[in-house]
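The letters A, B, C, D, E, F, G, H, I, J, K and L name the chains in turn, as written, and every chain counts its residues from 1.
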Amino acid sequence: MTDKVYKLIELVGTSSKSSDDAIQNAINRAADTLRNLDWFEVVETRGTIQNGKVTCYQVSLRVGFRLE
Amino acid sequence: MTDKVYKLIELVGTSSKSSDDAIQNAINRAADTLRNLDWFEVVETRGTIQNGKVTCYQVSLRVGFRLE
Amino acid sequence: MTDKVYKLIELVGTSSKSSDDAIQNAINRAADTLRNLDWFEVVETRGTIQNGKVTCYQVSLRVGFRLE
Amino acid sequence: MTDKVYKLIELVGTSSKSSDDAIQNAINRAADTLRNLDWFEVVETRGTIQNGKVTCYQVSLRVGFRLE
Amino acid sequence: MTDKVYKLIELVGTSSKSSDDAIQNAINRAADTLRNLDWFEVVETRGTIQNGKVTCYQVSLRVGFRLE
Amino acid sequence: MTDKVYKLIELVGTSSKSSDDAIQNAINRAADTLRNLDWFEVVETRGTIQNGKVTCYQVSLRVGFRLE
Amino acid sequence: MTDKVYKLIELVGTSSKSSDDAIQNAINRAADTLRNLDWFEVVETRGTIQNGKVTCYQVSLRVGFRLE
Amino acid sequence: MTDKVYKLIELVGTSSKSSDDAIQNAINRAADTLRNLDWFEVVETRGTIQNGKVTCYQVSLRVGFRLE
Amino acid sequence: MTDKVYKLIELVGTSSKSSDDAIQNAINRAADTLRNLDWFEVVETRGTIQNGKVTCYQVSLRVGFRLE
Amino acid sequence: MTDKVYKLIELVGTSSKSSDDAIQNAINRAADTLRNLDWFEVVETRGTIQNGKVTCYQVSLRVGFRLE
Amino acid sequence: MTDKVYKLIELVGTSSKSSDDAIQNAINRAADTLRNLDWFEVVETRGTIQNGKVTCYQVSLRVGFRLE
Amino acid sequence: MTDKVYKLIELVGTSSKSSDDAIQNAINRAADTLRNLDWFEVVETRGTIQNGKVTCYQVSLRVGFRLE
């Protein structure tokens, strides 16, 4: 059997800058411990508010990587 | 009973600049009349098109705040 | 009968820059062959990862236009 | 900042006549106290039954209006 | 234990006249064999087309009734 | 291979009269250019409001037709 | 063919005590007339309010049982 | 009133062979006691695992039949 | 027009005791300022964890009340 | 702009043999008139029943292809 | 980059006592091997039935914790 | 506390043969490193197309196993 198998994990990236940056932060962290990261899917975008400003974007995403 | 209770309202922010800016615009407006704004959740991202360009991002979001 | 009728098509725009740019790219392409583009609705945001970096944002969106 | 912001509220209109009439009843009531009502979205259609007849259509809908 | 228990069944009513009439037809039929019909919830509205006309509305609905 | 294949397109019909009429309007328009229209499925019902009245029902629907 | 087949029915249990008790009440009632009840899945939790108090939990659940 | 009315029931078919076979098994069983079976819709596909092998496909499906 | 119209608001009740208690707390708070509270629908159950224990149940619910 | 853009269309493939074969049939048909077919996503599996047997698998799927 | 990143895992807690207890049991177990457990979200509530009684509540939940 | 706790992971199995085979491949791979695999739930079925043929079925599934 040589058909590829992938695993999906769910992460929440955060950023004070932008929702795209929150995605990148989650993937940066995942890349510290996982190889073969292949794709992501956004599940939900949330964030925190302080004094009427967005202080933190929180993007939950599923990240897929190939199992060796 | 001292357990906190929160209320969620749904807003649609708009922006000609970016989807993140549409979120911020909605929250700016909410902060004019509501205190204790705490978090938001994006419900849907839409927009208008004119002459083949995105002219307006429309992001509907639920905004949570603590009831006093 | 003069009531307007619209058609929705689904596209996936891609961009190495940002998710908003992926939306714009899809709409640019649609505008090459369709007139009366009116609005879009984001369906899903995905992307590809290489070497622990987001290399491509993929945003699927429904695009509505008036039938003449 | 001059970008428009909208608020969505959720209502349930009822009518013994038709589901369309239930929608209109909810909007009539909203117009008593809110200005700038702009659009609605049907969330769910339910109803009550008595003696094997529909006695009441209950349509829940989200109603959007521009914040001034 | 005297708390009430209800059962939900799912029906598809059809009508060549209107979607509301399809709902009523389903409930009429249910009332032939079931007592205590109490409420309905629309699940989906579909229909058939012939020669460019709606020939039949098909409304699937969940119908609740009290168990004795 | 003689198994039938169908295509689904998504339309938004509009009507100032009723939601059922909005469905019919969308199908009328589709029948101008497509043959073998077979069925429809309602996706969403929305509408516009002016002066506290429903001025337009907007029903988005998927319309299926057989490919020849 | 000896592979098992199961049927799912949907019930709404009610209780003035708790949401778990509403589940149990629905299952008690189902057990009066059905054998081989095997599992349940909560579909929705609702309830009624009187004088600012929850007076009744209403839990709709799907109940599965083996067909003999 | 001669418009047809259909009922939908939900079954779970099981099979050690394939997911398609699990569908067929559920329908075989339904046909033992119901006439006019007309269509099915797959709701969910699950299964059991033993010693790292799929030992049973479990397909829940809604089965529609015309009420006489 | 004498058909009833209801409004739905969304609240998040919290409790360190139980999820049912979180529901009751949200409704208690709503009853401070709103009359005619009629029913609730649970939207989501979440909670906070500290030292491996559930420290707070957070239940978001839609609460319906009749408009006068 | 050299970022790729894809279009998604929705088809329903049918087969008397298997659900996988219904997928293949839809794609075969799409390949008659479209180039660059790239991926598919199953939306729903349904089928017809005659004399207690599955006579036709109907699989609706979204098919993606690159726009040139 | 000092923005926090969280991971979500999905567990199913079981309990013969209550659905809240099933949640606590899942979190107790997670705390055996994971630090920084922060929040949970209920995904689904199911259970097993024996002799017409709920014998086991099964609550699947997503548990979030901060990655160090 | 002796109540069982389960963990769910999400995998994507692939196969050039069939969607059922893609499920089995994912489970084979999971069994290499995990004990007590107990059940799976199909989340989504996708696939790749080359030259108008399905070249690969990709089935994402949640796999549950008991924590010891």
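Basically, contacts are C-beta pairs under 8 Å (C-beta built on N, C-alpha and C of every residue); 3 or more make two chains touch, one makes a residue touch a chain.
Source: prediction; values computed, not measured.
Taking the definition of touch as given, a chain qualifies here only if it contacts subunit D and subunit K alike; those chains are I. Our note on geometry: subunit F versus subunit H, Cα centroid distance of 30 Å, whole angstroms.
Centroids built from CA atoms put subunit B at 22 Å from subunit A. Between subunit J and subunit K, the centres computed from C-alpha atoms are 38 Å apart. In subunit F, 9, 19, 28, 30 are the positions where the chain touches two or more neighbouring chains simultaneously.
Listed by label, the pairs of touching chains are A-B, A-C, A-K, A-L, B-C, B-D, B-I, C-F, C-J, D-E, D-F, D-I, E-F, E-G, E-H, F-J, G-H, G-I, G-K, H-J, H-L, I-K, J-L, K-L.
The part of subunit H that touches subunit G in the complex is made up of residues 9-16, 21-22, 25-26, 28-30, 56, 60. The part of subunit F that touches subunit D in the complex is made up of residues 18-19, 44-49, 51-54, 57. The touching residues of subunit B, counted against subunit A in their complex, run 19-20, 23-24, 27-28, 30-31, 37-42, 63. On the subunit E side of its complex with subunit G, the touching residues are 1, 3-9, 62, 64, 67.
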